[in-house]
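Okay, so here's the structure we're looking at.
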Amino acid sequence: MTVHFRSTTLLGGIALAASLIAAPAIGQEAYRIGALNPVTGAGNTYGSGMQKSIIAAAAEVNAAGGAAGRKLEVLAEDGQTSAEPAVLAAKKLIEVNKVNAILGTWSSSVSLAIQPMTLASNIILMHTSSAPTLFTQNQRNLDWGFQSGSKYNGRAMAAAVKKEGFTKPAIMSFNNDAAINNVGFFRKAWEAAGGKIVAALTYEPKRTSYRSELQKVLAAKPDVIALSGYLPDTTIILREAYELGATAKFIIPDWAAGPALLKALGPDVSQGVLVYGTVPNIAGAAFKTYSAAYKKALNTSGEENVFGAQAYDMVISLALAIEKAGASADNVAIAKEIRAVSNPDGEKVTSFAEGKAALKAGKKINYEGASGPLDFDEDGNAVADFALFTYDKGQYVKRYLLQ
Amino acid sequence: MLPYLVTIAIMIGIYGLLTLGLNLQYGYTGLINFGHVAFFAIGAYTSALISLAGYPIALGMAAGTVLAFLAAYPLGLLCLRLRADYLAIVTLSFSEIIRTVLISEEWLTEGTQGLPGIPKPFSSLSQGNADLAYLALVATAMLVAILLMWRLSHSPFGRLIRAVRDDEDAVRAVGKDPAQLKIKTLMLGAALAGLAGAFYAHYVGYISPDQFLPLVTFYAWIALIMGGAGTITGAIVGSSLLLFILEGSRFLRDVVPFVSEVQMASLRLAVIGLGLVLFMLYRPQGLIPDRSQS
Amino acid sequence: MTLELRNISKRLGGMLVLDGLSFSAGLDELTGIIGPNGAGKSTLFAVISGFQGGDTGSTRFDGETLDGLRPEQRVGKGLARTFQVPRPFTHLTVRENLAVGAQDQAGEKLVDLFVRPWRVRAQDKAIFERADATIDFLGLGPVAHKPAGQISGGQRKLLELGRALMSEPRYILLDEPFAGVNPVLIEQISERIVEAKARGVGFLIVEHDLSALSRLVSRLLVMDRGRLIADGAPGQVLDDRTVQEAYMGGVVS
Amino acid sequence: MTEYINLVIAGTVQGLVIALAALAISLSFAVARFPNAATGDTMTVGAYVAVLVQAATAGSLLAGSIAAIIVTTLVSVACYFLVFKKLERRPLVASLIASIGIAFFLRSMLTFFLGFEQHVFQIPISRALNFSGIRIIPIDLWLSGIAILVLAATFVLLFLTPLGRRMRAVAADMDLARASGIRSGRVMIALWAISGVLSAVAGIMVGIKTVVTPDLGWDLLLPAFAAAILGGIGSPGGAVLAAILLGVAQEVSTPFVGFTYKIALSFVALIAVLIVRPAGLFGQPERVR
């Protein structure tokens, strides 16, 4: 069977190089990956980067001779961060392109909508969504969450708030599933430790001002506000809080922060805003490979896209699992190996080639990914390390790791 | 390929039902309803909630249709008092109110979290066959809707609808109440939208408030305008064309590699936008013209 | 058996268009109304037929009050009207136009349409038979299957009359049935009115064509500036000095 | 008490921002006789041009604004010549649908060339003036000042100049205006140009208050429509007043209805008012035949 790269994968030099290597492939049937990412819609900040990371990682795997001799073929689609187009796109990927796995669905609504389809077709789904139901419906372990779910976000937030010595936190949350769950788990963790939340509020996006929302929360005189939202609303809220003279600090997730926030707010307003997020293993080899590929494809730093690193890791862990399961393994058998190649008590590996060699040598491996150590919990959700960052004099600086 | 086409066909059927409903309201009666998605949402949520509570799917679908039918009544009362252009905005507002309710009333709708795991009919069949059976069901519903529309338009009721569209005051002068007629067509159109919503919920399997943005209403309008208002076939041709534009771009991108995914999304919207303008300018009657209006 | 108006007033844009108008007309008679332009004749029709509410006064039809009834409800009581400028349903054929005029159609009700289709079919057949009879009666045979938007002005006048007749009214308010109609057709319309009257339908007719009108009606009312200034047999009224002054002073039509 | 005063201030500022958009919509409503759904995306175009030109000219907001006004005026007039003029004699829904098409098209062009990333105006951010708890944000003062200035200029134009008189004549009755020698073509161009200018200013104000994204104007369309209709068609003053009333009502209602339902409040208010007054708060009822 001839393996060909689809035109979409030709974007970017890496892919081109990879296709040259891929051309003389022999023997095994290609393993087809659907990259279903939020290229447009609310997730557009990350979608393109995720897609290109997937393509780059697949090229890396193919350059190392494929997974168990199988070339990876990537078919890219735009899920539009919306359930209905995503369902149609997934249908196309599954039925027309006959993909074996769908990688990189971002929002919970998209993952929830396509999960029944992937489960019914025995297709592996790797996502960055946090809805709890995603994990409860995952009886056959075909689905893997690469973004530390709301539970971990909430705990990390609580740990940071405690460590910073705050005693009167308030909550502000964007009205969607992910954001509400994040602050919900924060509240749970905080209250379990005997703390008290002084005010909580869910706001609607797309307002021209959040002044009355802020007024309500500030009236409770919090010393810190746990704000769970996205970049545009976070920008406006932080600016207005500053203008209103709020003294409370803010703690926000990293997907609503980054250089774009700094650029929008400037050094004065951003000063002291706390950011929590999973730490990619920046010093690690996997991150360096990912970062270089990301830079090449998008001309910006891979550090700006937490989901890019996760998408990259999806491909590598999937490929390692295929490698371990063998060329003739079906998806259920492959999925079973995901945990085996990623979780502790194996030799630490940081790239596909390294892992492949170790597996060939008959060793147990533990893939340490670009996005984190990639240790999956009992639900199939990757547990990452969190760190606290802050803006200081116009610089984004890492403060310390969170436990 | 076939299962994908089946999915597309199902979506065409769902949008077709939605558009047929709008056709009855606008194409036949001239009501400018820009809140169609409200009834779609009511149908979807009602059916989903009832079947998630363990009742039969058929009961859910029937309830969704009936509730959408009834929900149109108060809106219908408003229609009678308002100018056409006001009505457009009021109905649009109505659909946003409904969406806000879906977001806020978490005890019922689970809010922004949405409703996952909505049961699919024919789950005992294999996935491919279940989809085929579903398509047959949607097609049957479509056929029934078409027959119903045909019966309506070729009846004294249809005659009266056309009379109302020509001259409301003259209708009143012969002792008929145009208001009652408008309410009825609004309710019937809403019922079709509700049924479409029910089909949608059970097919997609997951619904949340942000699937019921005004964009859905606009899609129905686009299908209606492109297909041709006032004709039964127009609604189906229009919704097929709509899906063709929305889905075709996926395949187009395989052929045009230099356009990025982001740009493709923009182009999709551009094609729809430009298409609407050009249709209005050069072919306002749509692809399938309504012969009685020429 | 009268149409009775008591103290009807109506102000439009600061102008008192109807000024305490009162009269009563027999339901089995032909009554004409004349008056210069702006006398308030069309407004009077609009008030009687319910298209506009009067500011004061009341209207009784065969002893029953019409006040508060919507136009369509008044038709149900047996009071039909036509429009000064004919308003046919232009996309419907002449035959269909007439069919719309028939009252209490089962086929216009959704439940009956689907639950009792046979009844709808039988009734619609009867309605079209009546429509065809009306077409014969009015001599509209040659255009029966044409869309009403394509027939001549005179034919539209006939169609208006026919559509009103289809509702089987006891009384019809005719607004300028002869305006813009050729003499032959005027004669024809007059004959039809007389024949309809013979079948028991009364008419209140607003008309500018005094000669045609005075040959037709048994009683003539004259309006000027929202008031009634004369009332009586046509010959007698037209000789009245106040009437002549009103016409001379106003715009002569 | 302070709480409510602050809410009123917040609502007034939001209302003023929407007021310009509502005024632009109300004007075209009155003269061109259809609700122009492209107004929102014209605003977005204005905001983008301004923010990009500002970035290119080392922070000159004035240069950005002028460029934005020129571009949106051209866009607006072009829409009239290429589309709406040709649909003048057709049912209003034709123009309405076409305006939705234009809205989609404008937005798709923005995202095609500029992507979806947010842009931000370079405006110094300063602390609010605090009058014993009543807080006034300086930038809000500026924005309000500009909004009032633009509104005043529009009113002067409409009610004190010959052009305004002609516009109002055309709005009242196009055929009558034509019959009395008013060149309605020129009036229409003026209308669309004014609507373009207003859109640009509205877009820039929203952009300064928030962030510039492709959905900026589209998201404001419905509130602006609500204000325009609530105010009554052909009543520009009514549109402005209604926008501010809605803004204030929305914010003051939050202690009672919460932060989600406050958004639906303006729609509920709209429907409630129309039930009582089908022509809007300040609109003239249409004469019935």
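We just call them A, B, C and D in the order they show up, numbering each chain from 1.
In this section, contacts are C-beta pairs under 8 Å (C-beta built on N, C-alpha and C of every residue); 3 or more make two chains touch, one makes a residue touch a chain.
Because the structure is predicted, anything quoted here is derived from the model rather than measured.
Chain centres defined as mean CA positions place B nearest to the mean of all protein CA atoms.
Of all chain pairs, the one linked by the most C-beta contacts is B-D. A straight line joining the Cα centres of chain A and chain D is 39 Å long. Centre-to-centre separation of chain A and chain C, using mean CA positions: 76 Å. If you average the CA atoms of chain C and of chain D, the two centres end up 48 Å from each other.
Note on chain placement: the centre of chain B and the centre of chain C lie 43 Å apart, centres being C-alpha means. Residues of chain B in contact with at least two other chains: 103, 169, 262, 265.
Shared contact sites, meaning residues of chain D that touch two or more other chains, fall at 111, 115-116, 260, 263, 289.
Shared contact sites, meaning residues of chain A that touch two or more other chains, fall at 40, 44, 175, 204.
Taken together, the chain D residues at the contact with chain A in this complex read 3, 6-7, 10-11, 13-14, 17-18, 111, 115-118, 120, 125-128, 130, 135, 137, 139, 206, 209-211, 213, 215, 219-220, 251, 254-255, 259-260, 263. Listed in rising order, the residues of chain B touching chain D in the complex are 26, 32, 78, 81-86, 88-90, 92-94, 96-97, 100-101, 103-104, 169, 214, 218, 221, 225, 262-263, 265-270, 272-277, 280-281, 284.
Those residues of chain D lying in contact with chain B across their complex are 29, 33-35, 83, 86-87, 90, 92-98, 100-109, 111-112, 115-116, 222, 225-226, 229, 233, 258, 260-261, 263-264, 267-268, 270-271, 274-275, 278, 280, 286, 289.
Chain B meets chain A in the complex at residues 1-4, 7-8, 11, 103, 111-114, 116-117, 120, 127, 200, 204-208, 210-211, 246-247, 250, 253-255, 257, 260-262, 264-265. Listing the residues of chain A that touch chain D in their complex gives 40, 44-45, 175, 201-204, 206-209, 211-213, 215-216, 219, 231-232, 235-236, 239-240, 242-245, 260, 263-266, 268-269.
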